[in-house]
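All chains are identified by letter, namely A, B, C, D and E, in their written order; residue positions are counted from 1 within each chain.
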Amino acid sequence: MEKSTPIGIIGGLGLIYGAIFMGVGWQTFFDVPSIVLVLGGTLASLLVSFSMDEMKQVVPSLKGFFSFSAPDLSSYVHDFAELSRTARRDGLLALDRSIAELEDDFMSFGLQMAVDGIEEEAIEKLMDLKVKEDLKPRTFIAKFFITAGTYCPAFGMIGTLIGLIQMLQNLTDPSQIGAGMSMALITTFYGALFSNLIFLPMADKMQTQVSEVRRAGKMIQTGVLSIVQGDGPSMVEKRLSLYLGDTADGEKGKTPDLAKAA
Amino acid sequence: MEKSTPIGIIGGLGLIYGAIFMGVGWQTFFDVPSIVLVLGGTLASLLVSFSMDEMKQVVPSLKGFFSFSAPDLSSYVHDFAELSRTARRDGLLALDRSIAELEDDFMSFGLQMAVDGIEEEAIEKLMDLKVKEDLKPRTFIAKFFITAGTYCPAFGMIGTLIGLIQMLQNLTDPSQIGAGMSMALITTFYGALFSNLIFLPMADKMQTQVSEVRRAGKMIQTGVLSIVQGDGPSMVEKRLSLYLGDTADGEKGKTPDLAKAA
Amino acid sequence: MEKSTPIGIIGGLGLIYGAIFMGVGWQTFFDVPSIVLVLGGTLASLLVSFSMDEMKQVVPSLKGFFSFSAPDLSSYVHDFAELSRTARRDGLLALDRSIAELEDDFMSFGLQMAVDGIEEEAIEKLMDLKVKEDLKPRTFIAKFFITAGTYCPAFGMIGTLIGLIQMLQNLTDPSQIGAGMSMALITTFYGALFSNLIFLPMADKMQTQVSEVRRAGKMIQTGVLSIVQGDGPSMVEKRLSLYLGDTADGEKGKTPDLAKAA
Amino acid sequence: MEKSTPIGIIGGLGLIYGAIFMGVGWQTFFDVPSIVLVLGGTLASLLVSFSMDEMKQVVPSLKGFFSFSAPDLSSYVHDFAELSRTARRDGLLALDRSIAELEDDFMSFGLQMAVDGIEEEAIEKLMDLKVKEDLKPRTFIAKFFITAGTYCPAFGMIGTLIGLIQMLQNLTDPSQIGAGMSMALITTFYGALFSNLIFLPMADKMQTQVSEVRRAGKMIQTGVLSIVQGDGPSMVEKRLSLYLGDTADGEKGKTPDLAKAA
Amino acid sequence: MEKSTPIGIIGGLGLIYGAIFMGVGWQTFFDVPSIVLVLGGTLASLLVSFSMDEMKQVVPSLKGFFSFSAPDLSSYVHDFAELSRTARRDGLLALDRSIAELEDDFMSFGLQMAVDGIEEEAIEKLMDLKVKEDLKPRTFIAKFFITAGTYCPAFGMIGTLIGLIQMLQNLTDPSQIGAGMSMALITTFYGALFSNLIFLPMADKMQTQVSEVRRAGKMIQTGVLSIVQGDGPSMVEKRLSLYLGDTADGEKGKTPDLAKAA
């Protein structure tokens, strides 16, 4: 579950609108036509940028975004050590039974190829390809949000230009200048807010998800290839436990040692 | 057929001009001399940026842009499995007949080389080169639109500077200040609108087309090389179906599994 | 001959100054001190950016820029097929006579090495190196124009700041405000115009020239290596004609086929 | 110990606030609500950008940031020469005893694999992976600060927009315009100051730390592989002392020589 | 000797201040507190960005910057041809005597390894590493100037914000508005001037020096490896003279030929 995203967005909006409520004229900051102009313009640019097929993927892919939880890498170490013990003792073919019990599709995919006797290099390539293809919805969403975050302030500025041009034509009534200009600036405000609080940070988060899945995939690939190469349980564990380096004690124990000893 | 592009452009213009019509002075927003200045200046910069030969490619390449439809990758899986069955049974030379019936030029190109006995590595290189060369009109158009999208706001700003400088020289009549400034801002408005609704998003779309064609090319290349290496139909299918990973059920079924199991 | 560059620059200036003449106060837009400030400041930054030796290369390299005409790639296909026929029939040494008649220095360079019996890999490396070195004046000029296009608007802004600061000190005479400010903005106008109509687009064009020469070099290299590897005329033609993919019929015939069939 | 970071931040703040105290109205520059808006908004965007797990790493990783001291590379040269002497004389297995005495975890990690007879290529890969994994907290913090430095000015601008819009609605009391606008600009001031004095420079520094640790890791890897390949002490020293090139005398003695002689 | 750098900086400052002297109120443009604010703030950010050890390298590295003269590549061609003749006639060991007489440290470094019988691949790697390490002071200075050129305009803007905020609080005396605003803009002027005339162009120049030294290093490496491979003098000359391609006649003779013949 993605918790920090709603906390950040709701907290940020709360903070900004809290500041607005403490000042005067908060009604100005709830201007539906301005929101429609900024988000509608952004949506139009997104339609030009992406194909219909891609646009249809957005909503389903967003579900995957919010339901994402970081892979628990530590469980892989034990699993692969166990599998390598079996493979060493009873041969690669003996893994066939274990595969059926695996919950992780990508692990089964790799191990099945090992059992089928496909050669190492092909396994490596096909696993790389599979990770890349499986990640396509996520990398697409990251790109989608970056694009949204780029066009959104542009339509904020376009809205402000429209407002300014209209206001400047009616300078005869000076009492309206302030109100006109403040309305004009609202779209810039929305453009900046949506882009910097929602679109661009969500693209960042999606890229983090992508790199975590890729990392888990790399770890599983390392495990599968290690088994194919006939490594024993301790070597498999050694290889895989390197991927845990950034968890609690790893973080404290490792890099500083390098620096300290140096 | 490229549907989302006209929907996005027309929808975006509709939205923006709808907002304009709801305000005062919409006549200002139809200023032909300003459009000529912004698009003409952009065209001038494009002429300096590209050669005459490249400029002549723009219109024909645009036709390819609008008539583009994403390659239907799933059909390749079956086709190649069939071809691999033939090759396994009757030898590579037996493919000669099948090639004549293929609709896809790139598939025939690759398979013909396989039948001609050209070695694997050369087939790989030549197929890579052919994809790259065939994509040149599209990559050129993507670059063309990015360049247009870069210079367009610059000429918008140049137009505004001209208007401002002229207006500032006539400050003696204050009633003209607003009108002058609003006219001056129109070019900035056009520059931002053309760039963010048309040029840059179309460059994005073109790059999506490029990557879809490249992906189809990669898939066909994988199929051809798989046949050359003597893979059986099931292995060919396994390899090629990885490229379908981002379609409907693949999207739901695969990456989340990796995450869930982790 | 580089035709589109002068057309673009003259056309662009004509358009911009046409718009200026249609308004009032066109004299303001011919301000020699402002041009001197913007171009002089840019030149000063270029002197800091590049060495004296590089600065001396600018004018001679510009001649190469304007006299450039795109290599006619199609002639190479026939030439290399002919050479490969000779090589196949009479041996590589028989090419010695043909080399003397070649007009293209780079072809002779590569073929001479083939005749001298230098091994394939060394020929490839040396041809790569020669293309890279031969292109140095052009890549330098591209970098020179990008640099000029970066500093030019900066000095436009510096000029405007000077004008603004001076004007703001004399606010006592309000009738001068407009004139002072309009003068101040002229340098920003020049900076934007020179950068976006001349410097940056010329850098784009130069990079196009670079990639066309590199492409021709790659094609010649492919031809030479193909001959060294003993390919027959039809194979040489097959390889080289891939480089013609973006000309008239190639453009229509190929990529769309891939998409259509898919 | 990281000394220049606090010196720079405190010195910079001292300079800026010194300039502020010399002018009028310094109270404006201590506006807690504005600071809360800018930093709170930045924090909200960071929460959207990063996962909760990553956010929890920030404080512990910052400790590593301030306690960092550059690895003393010169000590490695002697250590590895000594180890290579032992290995040459008594065989790789004889290193087992020396490893226990090593203070540097990464050296032990590499040498232990050498003693265990793991093959060269695997040692290289695993050492690469370990450096990369050990550096994850630091590369994360660098990315965290870059992200903070990107969103911080954006929320400064959003705060200014809010202030401007509110002020423009109350133009009826002209005496308040100045005060309102000056308040509005305070958030832009904070955004620019935090970003350019704290966040972005700290990201720079963190990246320097990353490249120093990576460099030390590369040097240790070179040493381990050199021993595995059976290099003698003088060759090991030759290889490793190249990494000292940027210390005092190296800096004077080497590159200029190349230039001078040239 | 680096001549164009002082010419550019002094010329640029002369031009800018010449323009200032021709206008009114030139005293405003010599404002020591503003210079202190902009450069001091930049220095503070640099202290946060770099470590103390790096900051201490700046001044010594700057000496190397100004005393730099481009390596005279043509002399290497002759030297290496001579050395290759000796090596061919009397064997690699005979080079031992010649090495002692070499003025170029990097040449001796490479040839000594050749004489010591170190294998080709190791020589290549160690020479690569040595060039990279020897260039560290220069690449650092380039990065230092880019960083300075990035933060300098930011502190110019921060200074202007301070000035604006202070001025806006005292709008009651309208006669002071102009003077206050003109003072406020001075820091932006300094930030833009220092960044665009000094810091960023000096980073460009430093990168040119880096690539010239790297090029000379590559040429020497090619020469050493050519000798190790047993190439004769004519082949060595052929290889090395490719690096001279951008000098006077090379520039005219080569690329255009490729284009012309094409």
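We adopt the following convention: a contact is a pair of C-beta atoms (placed from the backbone, for glycine too) under 8 Å apart; a residue touches a chain by one contact, two chains touch by 3 or more.
Computed from a predicted model, the values in this text were never measured in an experiment.
S.K.: Could you tell me which chains are in contact with chain A and with chain E alike?
M.R.: Shared contacts of chain A and chain E: D.
S.K.: To lay chain D over its twin chain E by CA atoms, how big a turn is needed, in degrees to the nearest 5?
M.R.: The rotation relating chain D to chain E comes to 70 degrees.
S.K.: At the chain C/chain E interface, shared numbers over all numbers used: above half (same) or below half (different)?
M.R.: Both copies, chain C as well as chain E, present different residues to each other, with under half of the numbers appearing on both sides.
S.K.: Need the CA-centroid distance for the pair chain B / chain E, whole Å please.
M.R.: Chain centres of chain B and chain E, defined by C-alpha means, are spaced 39 Å apart.
S.K.: If you look at chain B, which of its residues touch at least two other chains?
M.R.: 70
S.K.: From chain D, moving on to its ring neighbour chain E, which chains come in turn until the ring closes?
M.R.: The cyclic sequence of chains is D, E, C, B, A, beginning at chain D and stepping to chain E.
S.K.: Mind pulling up the chain B residues that touch chain C in the complex?
M.R.: For this pair, the touching residues of chain B are 33, 36-37, 40-41, 43-55, 57, 60-61, 64, 67-73, 75-76, 102-107, 118, 126, 129-130, 133-138, 140, 147, 151, 154-155, 157-159, 161-172, 213, 216-217.
S.K.: Once bound in the complex, which stretches of chain A touch chain D?
M.R.: That would be residues 2-5, 7-9, 11-12, 15-16, 19-20, 22-25, 28-29, 70, 175, 177-179, 181-182, 185-186, 188-189, 192-193, 195-198, 200-202, 204-205, 208, 235, 238-239, 242-246, 250-262 of chain A.
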